[in-house]
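Next up: the structures, one after another.
Two complexes are shown next, each including subunit A; its partner changes from subunit B in the first to subunit C in the second.
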Partner chain A sequence: MKLSSGTIRLIIPAASLALLLAAVFYMQPRAMSYTGLNLLFNLAVPIALATIAQMLIMSVNDLDLSMGTFVSFCACVAATVLQTSPLLGVLIFIGAIAAYAGMGVLIHVRELPSIVVTLGMSFVWGGLAVLILPSPGGTAPSWARAIMTAKPPLVPMAIVASILIAAVTHYIVMRSSFGVLMRGTGGNDRSVERAGWSVIGIRAATYALAGLFAILAGIALVGLATSADANIALRYTLLSIAGVILGGGEFVGGKVSPIGAVIGALTLTLAGSFLSFMRISPDWQIGAQGAILIVVLALRLALNRLEKREKHQ
Partner chain B sequence: MTDPLKREEVVAARAIKVTFGAVKALDGADLVIHSGECVGLVGHNGAGKSTIVNVINGGLEPHDGTLTYGGQAVHGISAARTNGVRCVFQELSLCPNLTVNENVRIMHAELKGWNWRARAGELVVAQLQKIFPGHAIDCDSTVDDLSIAERQMVEIAISFAGLNQRPKLVILDEPTSSLDAGLAAQLMAYIRTFIGDGGSVLLISHILGEILSTSDRIVVMKDGRVVADRAAKEFNTHSLVEAMGNVVREQEFSRKTTEQTGSPVLSMPPPRGHGIAFKAYRGEMIGLAGLGGHGQTDALLDLYLEHNSNWWPTRKRDIAFVAGDRSLNGTFPLWSILKNLSIASLSQLSSRKIVDRAREDALGAGWKQRIEIRTPDIANRILSLSGGNQQKVLFARALATTASTVLMDDPMRGVDIGTKQEVYEILRSEAAKGRTFIWYSTEMDEIRLCDRVYVFREGVIVAELVGDEISEKNVLAASFSEGEAA
Partner chain C sequence: MTIQKFITEKPWIWSFSATITVWIITVLFTGGASSFGLSQAALTFAAFSVIVGIGQMFVITLGPGNVDLSVPATMTLSGTLALKLMDVQDGMIIVGLLASIGVGLVIGLGNYILIKLLRIPPIIATLSMSFIVQSVAIWSNRGLRIKPPETLASFTTSGLFGIPNIALVALVLSAIAWVLLEKSIYGRWISAIGQSRFAARMAGIPVDGTRLVTYMLCAVLASVCGYLLASFSGGAALNMGSEYLLMSIAVVVIGGTAVAGGNSNIPGIWGASLFMFLVVSMLNTYGFGAGIRLMLTGFIIIAVILLAGGKRSSR
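Our next item is the complex of A and B:
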């Protein structure tokens, strides 16, 4: 059977998730239950949404370093304005999406490095978050709380949400015409432009879509945490980048995989629990998490080489 | 035109002027293409061929002159596309991360709605079958996974395909640069049928045989102007080269009888025990021939990696590589011409780990003169050069090193005859000084320059030709013959 390169790209992330899950179940068999799984993967939902947002930006060869502060900002808005006056909250979110689209236009028109622009914007979002919520607090909108704590039959919400996110974004990114244009822009923007498409429009739409997913990440996070804080999601910037790479995406060339990105986010979340179950002291956990990342990426590199060698024979 | 029927003008560019800084890329060029004709466009590197193509396809706004499509004066890429102008660029311009079908979707905006994937697939498969009958391209595979020849075939097929509206004018800029003789012939035959159906083609090629046999009319450009515009029948190779401003040099067969003394500088056992072993001696020029994509590039890479570990770069390198796909692994697009040239010899240009600017400049100036890089300033960005001139810089990069062996992966793709002759001479003199050249080429004229030729088929060497045995007939015979030639 001939496997497409897209499928091969997915094997390593899926296998690492399965292996990690098996290790967790072996050490803590009680995790193998409805509640156990929900607890293990609950926090993965906002991370998965943020990872998808990052993946969209990366599919047009950019990188968003403001992801963490932006998700924090959205969480603060969700816990305060969206809760008290929903209409104003929605307006703020629409404004935020427009700001993302504007960022995409600016980066394209002025040929600025996205890293610089988004790094600058990260301070803007961080400042706005502190203005909205100077001290930790606020309450989650009841509907967000209800969605995140829902208990569907048989499969826990965290799993259902992850599958849903993966399916929807797979359709948008891998199957739809817009997704093709988006990835095409990442692969070779000149040829997309020569075919008569507006690359500015594609970039703006991609950034706007990424903004939307980041907002959903903020709402989901508040739904889980019940309250917010201006620094609630700072680590999402690097987590989301790691999730995309772990899931088989690449920094340049429009090579991304939404299913892989969701799996990558789940793997990152699980790695934390795995290390706790191993009774590794929190001092070492970050290092150990890094080690897991390196192992997975090394495996992927080895697989890529193998694939290349097979092609030559 | 002597044609009594006044044919419809598809594109008319008149008195076009384009300048890039101090360089006049086009200086009042005229190019009119009628329906139902194939126009051949020839000229030196930097004569303005690619620039006028970019003007016609709407990518470049002319600074002066008029441009009309079917009589209407409109501008821009989408205007050109709605008027049926399609272009296959010299550097391959598909999205490498997408599948063939998805690339079709990008190039054909009218493939809207449900199930476009299947329709796109049908469209490109049908067109590929029409142009290159018997091809074996899987349209669900990613472009990355295709060979360079297959990518070129796909790009050509996508440009000729039309869903609702057939293209009126297809511009082919060096379409056969990566195709072997068989595929190139199929393409040329298809161009004639396309012309017969009333379409027009603008064909740019450095292979004059193709131009002469396929075009109805030939336009010769020089220094941004059209210097000749006559029916193809009135030209022959000699007069065409003369019109381009070249003095036709007779092929010098200064091929030396190689004394294979001592131990070979490079050798490689036959892969998996099939075919002939590879050996190269000092001062030899060895050709790797055969149909495109039959393992020649892999053989070069194997030779290279044998001497340079993949994991740990060796300090003193004795082997240099001239890449064929210059945008993929040749040039550093953001760097200047000088930096691109000197990168391989930085260690010899530096004292105490600091690069000596004066020596670097001297090296740059020397090579600029020696191979005539067409630029006002060598500190300009490499992308300001035309394709052929970029390739010259890559040559200079390899030759400027102290490496005793130079591997070349079809490096003359899209280089004009004048430059080629100059480079051949440099190669000859370098070989005489004891350098070894291993040269994969898809062009027979280049293979004939070599002292010894290995013919590849399906990844193994099937024949070794020495001296006078090297002829197109023998190479083709070995490329197609079944069974072991040795």
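Our next item is the complex of A and C:
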């Protein structure tokens, strides 16, 4: 049987997720239920959306170090303005998407390093979040709360949402012509330009789309947490990067996988629950998460070697 | 024409002129009363950023994707362990310093083992490493705040001829780093690797050895900084390194080191570190709230990058 390299790329993330899930079920059989699964994966939805946003930026060879502060900012807007005056909230979000597109244009036109520009923007978003919500609080819009706590039959909301996110982004990134252009820009922007496309436009659109997914992450987070605070999602910056890499994406060359990214985000979330089921002392939980990250990546290396050997034969 | 050439050849000019501008604005606003105190504080706090910044600069010079995210965790662990080991005894100061250098060496070695053997991108490798290091720090700290030995504490908080000792230490370290970078074969090697790793390997440069030394150097500088910072602030805290993650990257890049690697400069790190501290204190003197302050800091960083950076702008 012939497997495409894209499929092989997905096997390791999927296998490590399955393995972790099996381990959790073994230790806590009661997790193998509708409520159990929902609890395990609930927090994965905003992380998955943020990971997708980071993946879009990474597909054009950039990196967004402001993801955590931006999602926090969006959560603050969602818990305050969007709840009290929805129209203004939507306008703020449109402005934020425009800011992301502008950031993409700026990075492209001036050939600036994305790491630094997004680093600077992380201060801006952090400041805006503090201005909007000086102290933790706010209320989630009731519709966001309703969506995030919905109980569809048979399969918990968290799983449904993850599958939906994966399917939609898989279509955008892997199947649509825009997705091809986007990944092409990451692979070789000069050849995309020679072929008559506007690379500035592609980068701006990619950034805008990333902004949109990050906003959805913020809203989803507020829907779960019911209130917000300016530091609510700071760890999303590193989590989202780790999620993309875990899911088989790469930093350069437009090699990304949306399904992989969602699986990566689920794996990272599950790793947290797994460690608390293991009764590992809280001191070591962060360290154990680092260790899990290393083990999964080592597995990926082993598989990549296998893939290469098959190609040579 | 010559001025233009001078500016394009010396990318650190930007960070210094920005620093001086901000310093003048701040001093003017306070009516000149604060100029000495402000300069002292700026030198002290910039010195910490300079020390971690130099290490980060060496790593960033190695080329795209090379960045050390384990800096904050390394600082915390080194500060915690060193203070614990010294246990307020003056006689143990050297032992504590050696221990913190040892911590740096081990973490740097660990980082590179992950990068090389597991072929993990440096960002993720150092990130995973920092999780583990952070856990060790939490485990060894146990919420206790141990004071630094008396002599060490007074050394870090006092100065010589009006210049803070910490700044002098940072100056000596920068001088050593400058010699390493500009005058030694090692400096040529890291620049060569940053410009093209393939070409460097073809030219017979020991690429792996050089990269290993660079990651170890960065971790050692971070741990020495952690040791000094913990002594300066009267004890190690678990979050003491956190602001230095972004800071170490920001000062390197604002200072004019190419993010794509292969081109670095040390004076720029000083300019950028002073600038970052002065911006925050300027905004403080104007009495802005935390939100506005953060926003303006971000905008100023982006403005400096826009002015200084970008390949097309220099043409």
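Throughout what follows, the second predicted complex is superposed on the first by the 313 of 313 C-alpha atoms of A that agree within 3 Å, B and C clash if a C-alpha of one lies under 4 Å from a C-alpha of the other, contacts with A are read in each partner's own complex, and residues count from 1 in each chain.
In this text, a contact is a pair of C-beta atoms (placed from the backbone, for glycine too) under 8 Å apart; a residue touches a chain by one contact, two chains touch by 3 or more.
These numbers were taken from a predicted model, which means no experiment stands behind them.
Of the two partners, subunit B and subunit C, it is C that touches more residues of subunit A. In the superposition on chain A, A:Gly127 contacts subunit C only, with no contact to subunit B. In the superposition on chain A, contact of A:Ser240 is made with neither subunit B nor subunit C. In the superposition on chain A, A:Gly184 contacts subunit B only, with no contact to subunit C. When the two structures are aligned on the shared chain, A:Ala288 is found in touch with subunit C, with no touch to subunit B.
Looking at the shared chain after the overlay, A:Thr206 reaches neither subunit B nor subunit C.
In the superposed pair of complexes, A:Ser72 makes contact with neither subunit B nor subunit C. No residue of subunit A touches both subunit B in one complex and subunit C in the other. On the side of subunit A, the complex with subunit B involves touching residues 4-6, 175, 177, 180-181, 183-184, 186-188, 190-197, 253-255, 311-312.
Interface residues of subunit B, counted against subunit A in their complex, comprise 57, 59, 77-78, 81, 87, 89, 93-98, 102-103, 105-109, 112, 116-117, 140-142, 144-145, 298.
Listed in rising order, the residues of subunit A touching subunit C in the complex are 63, 65, 106, 109-113, 115-117, 119-131, 134, 238, 241-242, 245, 250-252, 281, 283-291, 293-294, 297-298, 301.
Note for the complex: subunit C touches subunit A at residues 64-65, 67, 69, 114, 118-121, 123-124, 127-136, 138-139, 246, 249-250, 253-254, 259-260, 289-299, 301-302, 305-306, 309-313.
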